[in-house]
């Protein structure tokens, strides 16, 4: 629901901040890695936020980068890992080391992260290795804003394929349709155009 | 609860956008049909939003038109159809084709929509055919704003009748009361006036 | 949680409005009595709002007066009456007639309200008669704002007594303490002063 | 979620206020101690808020000081004490007297607080005595803002140790690491620096 909060930093502790947005102070849980990046109290800040709904509460978890937020989302997708343990893991090891350790079955490196027992570390590797390996080759979630609007072609095609799969098409059918559109002059076309053409191919 | 969000488009993917409203970034799920209509990241946008409450989360689903939002509400009223499948259906076929297929029992057309199996497509036709057929003659939900403030008389009467039925009056009693008010000079009167007179008739 | 919404009226139907507050459109359910009072679409409005939490959603219900909101809160306190029926009742009879009918056991008048069956009407009278009779002598909830800051003495004393009872004091002990404070020169003192003195008396 | 609300006070009763923040009126439950501190209706106010999630509602509870909010959080951590009883207790006795009574096993003083029975008062002392005793030597939650940015060294070390414990390190290991960092020239260093050094020590 809430994915970003911009405002004045009015309280800063190592695990939680309060950001004042036009008079409403939002309490946001943060990892140590984000704490290190934050300016002094009184400065303007903007955090990428994940709204975590629990049975009896709504928790806002904030990050300095979209990348760390996506890594947090991957961590809580592992059964048995809740927001607090996920934040602790992100506090105990930096993002690229974590991605590298998971992608390369480096159990020993993960065991140095406080609070991550052997069984949980093994489950993290088992459940995330494939997802994270795709991650290392490119940003998993393309953050399309002013700074990052140049989307290279292969990222575009992957987004188009995953969009079609999300819509319910079989992955092979989605891949074939995108390949056909690209081969018939779809190079350098926008994601909209590629998708519309692919949907027409799939509707035949 | 939240029915509309206006702000700056700061993230755009084929299935989700983030809209910044005065520093709060709202994550909104969208169908492909809305994705095609959206401007570039950084532009001002306004979406018609449906707040979907799930057991463990609150999901905001956004549309470029009120009409598509109302069609989404009809789709999720069908047992077994959740927000994701409803959004996929609206992504796989445009609104008027969908309304036409449902109103005319066109099962084959619906079966081309990815993710919509035979049994679900039949249930959509069964549960929505009457509601959608009324839809084709006029906008189901009258969107009373500057562009659409001229409400023709028959729409006014239908709104008055449905208001009385919502209040608990039997539909025949509601129709008779409205007919009597109209026949006694109620032509071209505002909805307020028609309702007040009809309530007096019903209170006799 | 949300008790009031001020903004631009962007959608108005007989049972629901959308109010735009700085770009967020809030969907608010309204009774017919409030619909009659609303200006045209595009105007600035301010509604007294009750946030109703249901198992699977959050419903905002809006009223033109604080009085009608408090009456709504009384209605939903009756077992078996939810927000929709309460709004229908407030739509079918005006506030003072409703208060009068409940306070004077006027079952026949209540039975004319659509959707209110005999058993429910009897329960409304049974459960609300005492609460509403107190209501007729003065505003139940003192709305302390610029227009209404002159609070007469008896209302002040009643507020002080109910505050002490809310704090856990026995009602007789609360009454005796307030009487003593008033008799010892507490006339025309502010609610703060009366309460502080009464708490001292009770702490002896 | 919401930790602070700033806006115009538009309704004030002894147990509840409504604060208008840019047109949205938030209903906030308050203890008597906060009621006494509030200015007249129409003034600008800012309250420290605790968002309490119940099965069927979200309750905002507001305080004039961060200290009272933290004391409220301690009270509701006692099994059997909900927000209403916690607010009643804070209304019946001022903060320092409450902390003193708990820290010094003063059961008689607690029994004078209306609504707090013998069994509950004993449980309050049993469950909070250790937490509150630490409280009396320094502010439990360091409120780092413009007025309070001078954090003395011992508070800094305690925060660093509790941060490491929160991250999953054993408390003895956390203490040893912090002592080593301080002894190796960590005096007068910022919390960031102390933490980073301590994490390196722990990672060896």
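A few notes on this one:
The letters A, B, C and D name the chains in turn, as written, and every chain counts its residues from 1.
Going forward, a contact is a pair of C-beta atoms (placed from the backbone, for glycine too) under 8 Å apart; a residue touches a chain by one contact, two chains touch by 3 or more.
The chain list, named the UniProt way, goes like this: A, B, C, D = Holliday junction branch migration complex subunit RuvA.
All values derive from a computational prediction rather than experimental measurement.
Think of each touching pair as a link: the shortest run of links from chain A to chain C has 2 of them. Most remote from chain B, judged by the distance between CA-atom centroids, is D.
Between chain B and chain C, the superposing rotation on Cα atoms measures out at 90°, rounded to the nearest 5. Residues touching across the chain C and chain D pair largely diverge in numbering: under half of the numbers involved belong to both copies.
The centroid of the Cα atoms in chain A and the matching centroid in chain B are 33 Å apart. Centre to centre, using the average C-alpha position, chain B and chain D are separated by 46 Å. Shown for chain C are the residues that touch two or more other chains, namely 22.
Contacts between chains, counted with the stated touch criterion, involve the pairs A-B, A-D, B-C, C-D.
Only residues 1-7, 21-22, 46, 49, 51, 53-55, 141-146, 149, 159-160, 163, 166-169, 191-192, 195-196, 199, 202-203 of chain B touch chain C when the two sit together in their complex. The part of chain C that touches chain B in the complex is made up of residues 10-15, 18, 20, 22-27, 32, 35-36, 41-42, 56-60, 88, 91-92, 112, 114-116.
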